[in-house]
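Look at the two complexes coming up: subunit A is in both, with subunit B in one and subunit C in the other.
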Partner chain A sequence: MSVQTAARPSSSSAGTSSQPKIRTPRLRFPRAARSRRSRRSLALTLLMGLVLLYSLAPLFWLLVNATKTQDGLLNSFGLWFDGDFALWDNIARTATYDGGIFLRWFANTVLYVVLGAGGATFLAVLGGYALAKFDFPGRKAVFAVVIGAVAIPGTALAVPTFLMFSQMGLTNTPWAVIIPSLISPFGLYLMWTFATEAIPTEIMESARIDGASEARTFFQVCLPLLTPGIVTVLLFTMVATWNNYFLPLIMLKNPDWYPLTLGLNAWNAQAGTAGGEAIFNLVITGSLLTILPLIAAFLLLQRYWQSGLSAGSVKE
Partner chain B sequence: MIKTLTRRGLLQTSAVAAALALGLTACGGGGNAAPQQTVNSDAVEAALQKGGKLTVWAWDQSLKKVAEGFEAKYPNVDVNLVNAGTGNDQYTALQNAMSAGSGVPDVAQIEYYALPQFALSKSLAELGQFGAADLDGTFTAGPWSSVQAQGGVYGLPMDSGPMALFYNKQLFDKHGIAVPTTWDEFLEAGRALKKADPKAYIANDTGDAGFTTSMIWQAGGKPYKVDGTNVGVNFSDEGSTKFAETWQKLIDEDLLAPISSWSDEWYKGLGNGTIATLSTGAWMPGNLVSGVADGAGKWRVAPLPQWEKGANSSAENGGSSLAIPAASSQAALAYGFLKYSNVEEGVQARIDGGAFPATSKDLASEKFQNTEFKYFGGQKANQIFAELAKNVPAGWSYLPFQVYANSIFNDTAGQAYVSGTKLKDGLAAWQKASVKYGTEQGFTVKE
Partner chain C sequence: MTSPQVAARAGAAAPAARTSRRASRRSWAGWWFIGPFMAVFAVVFLAPIAYSIYLSVFRNQLIGGTAFVGLDNYARALGDPQFWSALGRVSLFLAVQVPVMLMIALVVALALDSGRLYGKSFFRISIFLPYAVPAVVATLMWGFMYGTRFGLVGNINQAFGLNLPSPLSSELVLASIGNIVTWEFIGYNMLIFYSALTVIPKSLYEAAEIDGAGQLRVIAAIKLPAIRGAIVVANIFSVIGSFQLFNEPSILKSLSPNTISTYFTPNLYAFSLSFSGQQYNYSATVAIIMGLITMAIAYAVQVRGMRKER
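Let's look at the complex of A and B:
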């Protein structure tokens, strides 16, 4: 019966044509009031502009310098374009240098993100849901462990993890990167808080009364309600796995299994070796290519994420 | 299988982690070498014919060609060449693998300065058992003494780095400055260059442990004395003092460009005339060709400036050996690879790849000596390098914890480059910190 109404909080932003008649005027009034105030926050706007410049400048630098040759990189002004535009050539060389190993690193990173971050999100959703909605003995203990785990940086665990994995014979395999990535205490904590707020217990009860199994209640009733939270956790774990450096550095010795972070660093280190070729232009172009998927993921997923930000802000 | 971590297990784990952080397994285990079985060259040959899979950790690019040639000559051997990181990164990884007891390679590239550390902790196979001692005379004196430690041979020299003076001839000609032959003239040339062009520097230096020790080596200094676990550190000898005094003047008069070697700014400075000279190992030409295309035709090579007028001495800078970790189960096969790479056919493949050999025979060969370097305006630079390789003062040794010592150089001696500290006092501070660390690690250290 009331299962359908559950969709209300999350779909309100989509704005179906039948409902918002009553709401629109209410929304507009505060906006008008705000525009009057905006004139006074000129300093704040300037500050925002500065912050924007500060965060975009490195990106701009990366974009500009990815268009230069190794020579141009060293002999032209850093924040503007050089005479010859070598971006396409750089991309082609990045993709083919050293037997096309960059593409292999790219594929590795995607593999680690899909299995690692995807798996971590899945586990966090299951765990967070269970902790938020079910009462069972030891719940407080689990809470303490999770909170404690959030405080321990993964870097501190890397060496013990390495020793354990090496006993199990898993070092130098993709599993050594994927398995530790599956654990995301912060993601679990986030999902837990979110599930507590976003799923009214009454809905679950009504689903049970209607005869839905636990699995069906979870997948068909609760999961859609959790979408903003899931996307948030997915973004967090994705960024963490995509940028992961220290764990693969310790675990992997075979360049064939490197993620992009390690691979690009290896290319960069090459310039400091006797007999090694300096390829700063390829490192920069590779870095640019490396951040593109993350930017795309943010742009595609941000609306789900934003709708999640308002969770719990209005008391019903 | 995952064991639950007991308190003891945790302690062991953290102890290993601490050892990793220090880069040195202090638990050397008495001092007795593993029981040595003498393996003659037939056994190595048999292992080569039988074959197997050989894992080699090396960052040197020219080894690719060597591995191909080796596999062609011994079809049953499969070489798995892995770039496990450069320099220190690789040593950490090697130490990790040794501590964990798995994933240890059969052959590892180890720089000369780091070799004693691995040899002392019994992490490497002693190569005398394969007849490596017979190779005396095959290599030039500097590299050959670099692979000796604890009374044994722990690696075969892969390359060498006799130091030479690389200089931007165009810049010197433009300002009418003579190329220095002594370090005093070097100082004068630095002053003249600064006067003629305030933007140009005679050299770059922001404090580099390897460069400093090499310079002291050339000056005849012997700050490190090593006899087993008895170690002496003393930077007040004549050679160290000579270096400190001259370099202090260069620092005080702002004659050294504040640019760190190997940075992009450094590559730029070498090309555009900001940095006029480079005193470094003979392996440098390859890097100049690929990294400083702008300098082609402008740069030349000269003998390293001398501390005494008319002298003729150099020092080794950089260079690495190939060694066999003690944990390798295929030491005989691995030795076959070492010999192929560093004594036999592999040497030529590496020379063709731009490496500078450590074998006397190849250094003296006509083909090598007569190679004309287009980058250096057609100069036969190898003749200069080979001459310098012969004139490396004997008796130099690195600390058995040099990797650590070098890692704290910039906190101690390096301060002279960025603050008012005198280089002499900086070296004294480096000495004190090295002694402290060595004592903590169980060495008997004298100042």
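Let's look at the complex of A and C:
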């Protein structure tokens, strides 16, 4: 697909409509005051509908199949509901299977997210604020080192981190997952660009003149201005920690400390082991339960994180 | 406000532009704030990198423990057909998947920004949602759909009497992984492009309108150049992501053990070397080589992207 093919329907409909010609030039543009309805393009909407379908169909598949029994999974059409509606039964079995280990994994994931993503956001907010609003020795070096480190592949870090942590006796404990989660270079970057826009330097100057300490200036004057940026960074670090798979895979052997991602994969792999029970219906229901909290967070907080992402978009 | 900087637009040019707007006093006060980040960063990034380099110049021998071998591990990797096959596979993946994904994301972002879509915010949030799905869940989900047991391909074959090839066959499995990754990240990249598009000053569109420019011309002459920084950033993230491909193939492996080898991608190879083979030193070497290649290509993308700007 190319830019031209997607854009053509919209431009041709603009050409056939006589309405824009009547208006003054000022009003002919996106987001301008003139009537929006007449400019909407059905063809473009339908074309984008294909991408929408692609994005949502697998989620629909997950929802549909979470309502099926193991038997129904094998014997009914994948994209529609089966005769028996087993969703509640599946949820109950997911929660109780193997002594309720799924709930334990859920609690672990929440723990990793609260400490890992919460801590990562805190560090990124402090650091981003420093990069945006202070001129300190070594500032350029900080930037170069952080950006360079992002390109290092996970395994290049994972193997030595695993060996280091294992010498310190941290592997197979929650700390092995939480400590590396505390660093989010992307969060630092987002916060940096956001703080640059959101905090007028004059406000900081006047707080200082009034005798406020640096800490007080930050917490009482600047922090409230940073709220949309903080929500955005928190959501992205939450996703990263909630969805983390590689790090816990390496660090944890004891299933009692698994996060959901690792647990689900273990359930899935169970079918392939000798004498293992196939529990695909539980894998699917568990997957649905795993993604619901994040989807809810994105939907509920969308106003905040979208404004946080396009920091400068409110100004012309 | 004079400089419309947004996360995705800032790119590499941002730090210099910002200096003049900061408080002019140069002091150590900033370290109170960046200090905690850098301290943890040193523990979880810098120390492991240093240790990795240290590991890569040693070899663990059956007799006599570890011995310093200089660059021998690097020489071994450069002559290792499994490493080359893994590198070739992710390079092919990169060359096909990244352009397809970014092109779709760009078209969606431009469509959202054009204001010509019915139900714009529904589109925006829905197309973004797959990003919230863990790679594990995404891969299990697509893996089941690909599968012949209760997968859609099996359903279609049954319903229409067709004989579609399995997406998990060795010919198609790389494309199938590409589809999963594309599904996961179209929305994320769309958001990077879209947030860059929203900060373009409206006065530019007005000027173009007065000059009689059409929609396509506005896209080509104003929108695309204005979001070049965002496009470069998205490309760099995608290059890094492709070279680090691990989760999708490693999870798909349990559904399709025969088509995905232990050296399917360089990351999978490094992982298998250390955690199944106990070859920590060689594994560190493979990972470092991949890190260097990734950095070199990310750097090249950035230089190329920024040079065009002038």
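Simple rule for what comes next: the second predicted complex is superposed on the first by the 263 of 316 C-alpha atoms of A that agree within 3 Å, B and C clash if a C-alpha of one lies under 4 Å from a C-alpha of the other, contacts with A are read in each partner's own complex, and residues count from 1 in each chain.
Note that a contact is a pair of C-beta atoms (placed from the backbone, for glycine too) under 8 Å apart; a residue touches a chain by one contact, two chains touch by 3 or more.
Since the structure is predicted, the reported quantities are computational estimates derived from the model, not experimental observations.
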item: Touching partner for A:Val159 - first (subunit B), second (subunit C), both, neither; value: both
item: Partner chain in contact with A:Asp71 - subunit B first, subunit C second, else both or neither; value: first
item: Partner chain(s) touched by A:Asn254 [first = subunit B, second = subunit C, both, neither]; value: first
item: Subunit B versus subunit C as contact partner of A:Thr94, first or second or both or neither; value: neither
item: Which superposed partner A:Ile295 touches (first subunit B, second subunit C, both, neither); value: second
item: Which superposed partner A:Thr241 touches (first subunit B, second subunit C, both, neither); value: neither
item: Touching partner for A:Phe280 - first (subunit B), second (subunit C), both, neither; value: both
item: First (subunit B), second (subunit C), both or neither touched by A:Glu214; value: second
item: First, second, both or neither for A:Leu56, with subunit B first and subunit C second; value: second
item: Superposed model, subunit A: greater residue contact from subunit B or subunit C; value: C
item: On subunit A, positions contacted by subunit B and by subunit C; value: 73-74, 159-160, 162-164, 250, 269, 272, 280
item: List of subunit A residues in touch with subunit B within their complex; value: 70-71, 73-75, 159-160, 162-164, 166-169, 171-172, 249-250, 253-255, 266, 269-278, 280
item: Interfacial residue positions of subunit C with respect to subunit A in the complex; value: 1, 3-7, 10, 14-15, 18-19, 21-34, 36-38, 40-41, 43-49, 51-52, 55, 103-104, 106-108, 110-111, 113-119, 123-138, 140-142, 144-145, 149-152, 155, 159, 183, 186-187, 191, 194-196, 198-199, 201-203, 205-206, 209-210, 214-216, 219, 224, 240, 243-244, 246-247, 251, 254-255, 257, 266-267, 270-271, 274-275, 280, 283-284, 286-288, 290-291, 294-295, 298
item: In the complex with subunit A, residue positions of subunit B that touch it; value: 1-3, 13, 16-17, 20, 57, 59-62, 82-87, 89, 93, 96-97, 99-103, 159, 161, 261-262, 264, 267-268, 271-272, 281, 283-284, 286-287, 290-291, 293-294, 318, 353-355
